[in-house]
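What follows are several structures.
Common to both upcoming complexes is chain A, partnered first by chain B, then by chain C.
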Partner chain A sequence: MNSPQCKLGYLGNTEGSAFFSQGKTAVCVSVVGPFEPKASKSMYDRATVDVTFRRKTGSISVHDKMLEGIMQSTCEIALNVEQYPRTSIVVTVQEMQDRGNLLSTCLNASCMALIDSGIAMHHLYAAVSCAVTESEEIILDPDELQINSSVAYFTLVFSNSETRRLLTSHTTGEFSHSTYVHCMDKCFAASKEIFNFYKNIVKKSSIFN
Partner chain B sequence: MTTAEFNNVVLPGTDISHIIFKGDICKRNEKTIGPGLKTMDNKIIVCNSGVLRCKDDKYFWVEYYKKKYIPTKDDVVVGIVSSKTSEVYKVDIGAAELATLPNLAFTNVTKKNRPDLKVGNVLAAKVKIATPYMESSISCVEYANSLILGQLENGFVITVSVNYALKLKKSSSSLLFSLGQFVPYEIVVGANGKIWINSGSIRATIAIGSAIVNAEYLEEEDIQNLVKRFNKSLNNLH
Partner chain C sequence: MNSIKKNVQDTYAREYLALNKRSDGRGLMGFRDVSLNLSSIHTADGSAAVKIGNTAVICGIKAELGVPKSETPNVGYLIVNVELPSLCYKKIRPGIPCDEAMQTTSFLNEVCNNCKIIDLQQLCICVDKLVWVLSCDIYCLNYDGSVLDACLIALLSAIQTVKIPEVKYDKETEETTVFENYNLLKVNSLPVSVTFSLFNEKHILADPTEEEEQLCASKLTIVTNGSLLYSLHKPGGDFIKDSQIQNCVQHAKKRANTIHKLIKAAK
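Presenting the complex of A and B:
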């Protein structure tokens, strides 16, 4: 797998931010909040989580809107929203460079930014992408060419709980059930690497040692 | 505690009940958990990424970096008046919501003798009501032997992270004392990360402010160097 790179606290005026790159894809995420939202958006028993995805140029397409929805539900389930009632938490994901695996990079970057913000979370999450070739070969973290020539492409998100917990699954293309299970095993093993990476980054940026 | 488990980095979702209980189930009632930890299904789960701390083998908490202040009862905070009505002032204390400050929550104030605060004035106050389900309420009433609260005139406000403000308030922090060796100044460090500074000249005030901001990530020895440089730059001004 391509080793990811990350810088926490990249933006000064937000509560949490991260610049994250995996392979040739890079995104920048900011987390603002919890702050007081408009009365119409406020919920009396929990925080509202808002994820916005932004392209380098122009407005976002329908496909991007779907990615935004995936990120939103993954972030929301990871955050301890009950601890911040009547507030709003806004996560903004800015694409910096897209060379494949955009969704998994965005998800991992948003997780790092949430870590940086100090907002309480139930668990962390790590996204892993894999492509399946015509000869049923599974490529973890494929590049752009490999994705285009693949028959199926998965992005799977796991939590860091002790048991295996699949949070999100986004798939394109045709595949058999056994291929899916196979990919899940491989991606789960790869997600451990990402959690280790998270831990190293937190260790490095910790100011309390 | 000198075991390896403490003062180590922990991540959200990690179950640490085995570290906290460590064999002695009989003492369960005596253990207290603090910020960054929560109980779920009889287990203790971490919910903020930071360093696990322990005191007297009894109190456990996670120390983590945060910029957003969450009001806590009896904290002394520095706030900025952002609007006023006939009954209350709304004060920005850096939390998710503006805090309310009743007109009568000042020392020696009656209905006839009202306090005269304007939008933009800075004040020091104590948090009286702090729950996430309500607007927090602050008060400037002083009691015998209490801190001096109320409007802070002149001066300059800087904002730092909540952790750093708490560190500055600790008596082990030498920075504020060392700066005072060179130039006399007044300072109020709010638990919300807002710091009010006032001194004889505007230049000295700004120099103190930037020295405090710059010292956030410095080690103790480097702070002494910073203070020396601060003194040099102040002397050059005269």
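Presenting the complex of A and C:
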């Protein structure tokens, strides 16, 4: 796998931020909150989580709206929202460069930014993308060309637990169930590397190293 | 949802689930009956109305002539659009399309691309000059859970009723002549989407109603043609175990075969 790169606390005026790049794709995430929202948005027993995804151009397409929805529900379930009633947490994901694997990069970046923000979380998550070629070969973390020539392309998200727990799955192309299971095995193994990476980054950027 | 109300409904649902039943009498993996009506709109070139339980959607397809993209000069267009108007569900406000409508639209377009529902080259009339544009508009009339499943069945059956006339295009004079010779489209694959809701670690509900969707932590949508999978979509939410995925896939395949039979019978 391409080794990812990450810089925490990259933005000054936010609770948490991360600049994350994987291969040639880079995104920047900021986390603001928990703060007091408008009365109409406030929920008395939990925090509201808002994830916005922005393209370089500013506006987003219908397809991006779906990616935003996936990020929203993946982030929301990871946060311990019951601990912050009547507040709002806003996560903004800004695309810097998209050369394939955008969804997995965005998800990993948002997880790093949430770690940086210090907001209580239930679990961490790591997203891994893989492509299946015509000869049933599985390529982890494929580049743009490999994605375009693949028959199937998956983005799978796992939590950092002992047993395998699939949080999110987004697929394109056609595939059989056994291929899916094979990919899940490989991606799960790769997700361990990403959790290790998280650990190293946090160690490096904390003052207690 | 208001948490007190949610708590009451949650307890109610749990008591049923403890007996492996659901409040509407179905088993956990029981599906609602589907009814299908083909060619319900006479002004459209192809149409279908679908009901799954109380969920109702209607799909109309309009064929128009258009100019192809220059990077793909010999393929036509298949554009799917899903509308969730405010009349179908109390939580949808009138005005700009809601997020869910956009997500469903995007998902359906993706599925159509994934499984190449029709060969888009058959929509070509003259290379780089004239192609058919099939605009598929899907309206939800009543929102009672599993709207995506209903939309895909409606789309799939409406496409099979589309009749396009033969068109001749004269390159020199740029004139088009339409003949009264109608042909059906060739459909490549029959994708069927099946939605499951994860209530908690133990209980998975097939074909959830709106009330169940609200109570459940996450959703899993499987698109299959009975053997191959076209999508296994789980947009976040609570985690799922491998054995549960396996179980869902098997049920989805069975359901796909039932729906195929239904569409065949309706024709």
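Following the convention adopted for this analysis, the second predicted complex is superposed on the first by the 207 of 209 C-alpha atoms of A that agree within 3 Å, B and C clash if a C-alpha of one lies under 4 Å from a C-alpha of the other, contacts with A are read in each partner's own complex, and residues count from 1 in each chain.
By our rule, a residue touches a chain if its C-beta (ideal position, glycine included) is under 8 Å from a C-beta of that chain, and two chains touch if they have at least 3 such contacts.
Please read these numbers as outputs of a predicted model, since none were measured by experiment.
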First (chain B), second (chain C), both or neither touched by A:Met66: second
Chain B versus chain C as contact partner of A:Asn160, first or second or both or neither: first
First (chain B), second (chain C), both or neither touched by A:Ala39: neither
Which superposed partner A:Leu124 touches (first chain B, second chain C, both, neither): first
Touching partner for A:Glu174 - first (chain B), second (chain C), both, neither: second
Which superposed partner A:Ser206 touches (first chain B, second chain C, both, neither): first
Chain B versus chain C as contact partner of A:Arg86, first or second or both or neither: first
Intersection of chain A interface sets (partners chain B, chain C): 44, 159
Chain A residues touching chain C - in the complex, by the definition given at the top: 44-45, 62-63, 65-66, 69-77, 157, 159, 163-177, 180-181, 184
Residue ranges of chain B in contact with chain A within the complex: 7, 9, 11-15, 36, 38, 45, 47-51, 63-68, 96-98, 132-133, 163, 217
Complex interface listing, chain A residues touching chain B: 15-16, 33-36, 44, 78, 80, 83-87, 115-124, 159-162, 195, 198-199, 202-203, 206-209
Residues on chain C engaged by chain A in the complex (per definition of touch): 3, 99, 102-103, 105-107, 109-110, 113-115, 217-218, 220, 227-242, 245-246, 249
